[in-house]
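Presented sequentially are two complexes of chain A, the first with chain B as partner and the second with chain C.
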Partner chain A sequence: MENFNIIWHYKDLLLQGLGYTLFVSAAAIIIALCVGMLLSVMRMGGNSLPSRIMKKFVAVYVSFVRGTPVLVQIYIIYQALAIMGLNLSNLVSGIIALSLNSGGFIAEIIRGGLTAVPKGQTEAARALGMSEPKILMRIVFPQVFKVALPQLTSEFINVIKVSPMLSVLAIVELTRTAQRLVSQTYINLPFYVAIAILYFIICAGLEELVKLQKKRLER
Partner chain B sequence: MSFFDEFIHVAEIALPLLLQGLGATAAISVLSIIIAMILGSAVGYMCLSANKAVELIARAFIKIFRCTPFMVQVYLAYYGLPALGLNVSAFSTGVIILGLYTAAYTAVILESGVSAIPKGQFEAAYAMGMSRFSTMVRIIFPQTLKIIVPSLTGQFVQTVKDSSILSIITVAEMTMMTKEAIGITFSPLFVYICAGVLYWALNLVIEFASKGIEKHNNRVAI
Partner chain C sequence: MTESRTPVISVRNMAKNYGELKVLRKIDIDIYKGEVVSVIGPSGSGKSTFLRCLNYLEELTSGEIVIHDQTLKGIDEDKRHKKQNDKAAREIRKNVGMVFQQFNLWPHKTVLENVTECPVQVKKVNKEDAKAKAMELLKKVGMDGKANAYPTQLSGGQQQRVAIARTLAMEPEVILFDEPTSALDPEFVGEVLNVMKDLAEAGMTMIVVTHEMGFAAEVSDRVCFMDGGYVIEDGTPEEVFKNPKSERAKQFFSKILNV
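Here is the complex of A and B:
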């Protein structure tokens, strides 16, 4: 009960941290969508040499992103951005790292979604004289996103679950807030339980949303 | 010194440390996967139970571990296990929590694998007078294992990656050793790239093994 009072006392800070977590995750998933779309467009080319090189690049990129820990990716991006001379804040490089990571996963989701769009659709659009970018943006991707919406929401859940790792860059999201409060108050367990519950509420809620979206898709 | 020479120089110093860390990462992953397979099978079996209470417990276990970030779970285990009177080392804490976390995912994979087995298999086994348990262990489980090889190895890759988070509780696995190597070389980017490549190599090995097993299974099936 005493512990509960302490957590309640710091509820504003914790909620602020939660807001930060959601902001970082939302920003990351939006950029990741762009990265994923870009990667899948790069993969669409024909058999010419440049497009084969691009395909190889995307394959290596996706394999690297899926084969290395996010923590290591965050460190690499953070250091690489600094060495490149870009004077970005920790928050920005954290968001970039998360979105580059998630972009690789979204590229794979889009690849799955692309099979749901019949070839006749692009052919028909081409016959109508639409340009290639227009076909992608107005015919293909809207349908892909409709089919892949449940997986994309799951990916958003994943981003939220990965976002605690940004605490290593001293980004004050929910986990970092808890760490700070722990070092301030010398009580550890209650704070971690509290943030676990907060994360659980968000992720479990989103998971229900995924179920709903799946049901709607089946109908 | 050129960029490339510097990289080689840093790699020469860092690699022995990193390889030592890689050994620990592999050990942690293997131990956690063993825990996850045993516990995950048990939880998956509980999910299929006719008893609603048992099923509910299993579902709650899965939900709790799947809907919270692993990093938070690691902190909870690190501070929570001593509070429960279990004074275990950081290494064991890491193995336990990674095992529990992976078990939740393994249980889901197993459950979906079992649901892919035709119902006739159960019915035939029951008709032969086999008990529910031996039907599961001797008829259903071997077939399920074949179906779930790709998703199971995918999960194992995930486990190897997640073990990096254990560096926050001072487990001397590869990410922790990376920090140590940075302390010697003062070249964070190069050392992290080395660590990334090593993780990547480890996971590619798992992936290739998975593909090999799949191919073997397909050939046996034909």
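Here is the complex of A and C:
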């Protein structure tokens, strides 16, 4: 009971941390989806030299993202953005780092989903005069997202679970908040259990949301 | 056919290769307004490829296709034709619709949305007008009762009728049918052919790649028999079916009509 009281005492700080975690994750997921789609489009070209260069770029990008630790990626992006002279806050740099990471994984998920959309789908749209960008956005991607929803959900959950790494950029999200409280109060387990529960609620909630959406899509 | 009429589609010297494989060798054909042309022939004779070249779903290797002052040119002669072809194809597709063997309705959209999608997105028709027009077309093909269903809930015949309505919604001058009944269970072939018959009677210009000899004989003004990448018979159904000039066509008909 005493433990609970302590957590309750610091609830405002914890909720603030939760707010940051939710904001960072949501922003990263949305941008990552755009990055993933962009990378997929870059991979669709034919055999011309520019298309081949773009494909190579995406291949290197994806293997880099998959083959290096997220923490290292966050440091690199943070420093690189600074060197490029972009005066961005740590929060924005952090979100960009997470998005670029997750975007690589989403590109791979989309690649799998694309094989599930028959060629006839785009041909029908093309024959009716639809432009290529519209075909992608209105015909292809909606179908890709539908089949790839389970993998995408895992990836979104992954973003939420990787977000504590942004604490290295002094972003006071949920985990960082707990760490601070632990060092102030010398009480550790209750805080960590409390944030574990909060993370679990977010992820489980997200899963439920996706299930609902899936039902809607499967009418 | 009087000489003074200008063709809607004019194909000159068209050839199409897939690498070494010569699918179309030399096609010359004119299609006139209001004509219903059935294209028949054995599998692999190039019928579908011919049709797909007409609205540039396939690139032609050489020769040219003229539709409404727009010209598609073979890319073998000059690579620069590619860009011009893309541009011409955009114009051509405004006038030339296509119905596919596999229907290719969009499964994530309702029947009504399938029909309104392109008028709204491509022609910028406002949504209400597009809907009203779509319902009218769905009624015409007998599918107005299923406007809010999803394609997967429909039989093949129903899907194909919706696909025809979707094509009609763009108000094409010519419709290309690529084996529209080949993927259907036999019981549903009739309903699709009836819709096509209605269109033919209403004066629509149609090019139909088909294995339905009954339809070809009864509805079309002209029958083209293709084999080996050439059109080897081209005439009225009477001429082609009753008195084929070539041995190849005679053999083909004797085989399929005896079964």
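Note that the second predicted complex is superposed on the first by the 203 of 219 C-alpha atoms of A that agree within 3 Å, B and C clash if a C-alpha of one lies under 4 Å from a C-alpha of the other, contacts with A are read in each partner's own complex, and residues count from 1 in each chain.
Keep this in mind: a contact is a pair of C-beta atoms (placed from the backbone, for glycine too) under 8 Å apart; a residue touches a chain by one contact, two chains touch by 3 or more.
A quick note: this is a predicted structure, and the numbers were derived from the prediction, not measured.
Colleague: In the superposed model on chain A, is it clash or fit for chain B and chain C?
Modeller: They fit: once the shared chain is superposed, the two partners occupy separate space.
Colleague: Look at A:126 in the shared chain and tell me whether it touches chain B only, chain C only, both, or neither; answer first, second, both or neither.
Modeller: A:126 sits against chain C, while chain B stays out of touch.
Colleague: With the two structures laid over each other on chain A, which partner does A:134 touch: chain B (first), chain C (second), both, or neither?
Modeller: After superposing on A, A:134 lies in contact with chain C but is clear of chain B.
Colleague: Look at A:92 in the shared chain and tell me whether it touches chain B only, chain C only, both, or neither; answer first, second, both or neither.
Modeller: Neither chain B nor chain C is touched by A:92.
Colleague: Does chain A have more residues touched by chain B or by chain C?
Modeller: Partner with more touched residues of chain A: B.
Colleague: Roughly how many degrees, to the nearest 10, is the angle at chain A when you join its Cα centre to the Cα centres of chain B and chain C?
Modeller: Approximately 110 degrees at the chain A centre.
Colleague: Just checking: does A:200 make contact with chain B only, chain C only, both, or neither of them? Give me first, second, both or neither.
Modeller: Touch status of A:200: first partner only.
Colleague: Applying the document's definition of touch, where does A:209 land relative to chain B and chain C: first, second, both, or neither?
Modeller: Neither: A:209 stays clear of chain B and chain C.
Colleague: Which holds for A:42: it touches chain B only (first), chain C only (second), both, or neither?
Modeller: neither
Colleague: A:83 contacts which: chain B (first), chain C (second), both, neither?
Modeller: first
Colleague: Go through the superposed model and pick first if A:13 touches only chain B, second if only chain C, both, or neither.
Modeller: A:13 sits against neither chain B nor chain C.
Colleague: After the superposition, pull out the minimum Cα separation from chain B to chain C in whole angstrom, please.
Modeller: Here the least C-alpha separation of chain B and chain C stands at 29 Å.
Colleague: Across the two complexes, what residues of chain A are contacted by chain B and by chain C?
Modeller: Comparing the two interfaces on chain A, one with chain B and one with chain C, no residues are shared.
Colleague: Applying the document's contact rule, which stretches of chain C touch chain A when the two form their complex?
Modeller: Where chain C meets chain A, its residues are 55, 57, 90, 93-94, 97-98, 100, 102, 104-108, 117-118, 121-122, 150, 163, 166-167, 170.
Colleague: Inside the complex, what are the residues of chain B that reach chain A?
Modeller: Going by the criterion above, the answer is residues 63-64, 66-73, 75-76, 79-80, 83, 157, 160-165, 167-168, 175, 178, 188-189, 192-193, 195-196, 199-200, 203-204, 207.
Colleague: Help me check something: in the complex, which residues belonging to chain A touch chain B?
Modeller: My answer: residues 63-64, 66-73, 75-76, 79-80, 83, 157, 160-165, 167-168, 175, 178, 188-189, 192-193, 195-196, 199-200, 203-204, 207.
Colleague: Residue numbers of chain A touching chain C in their complex, please.
Modeller: 118, 120-121, 123-131, 134, 138-139, 142-143, 146, 217, 219
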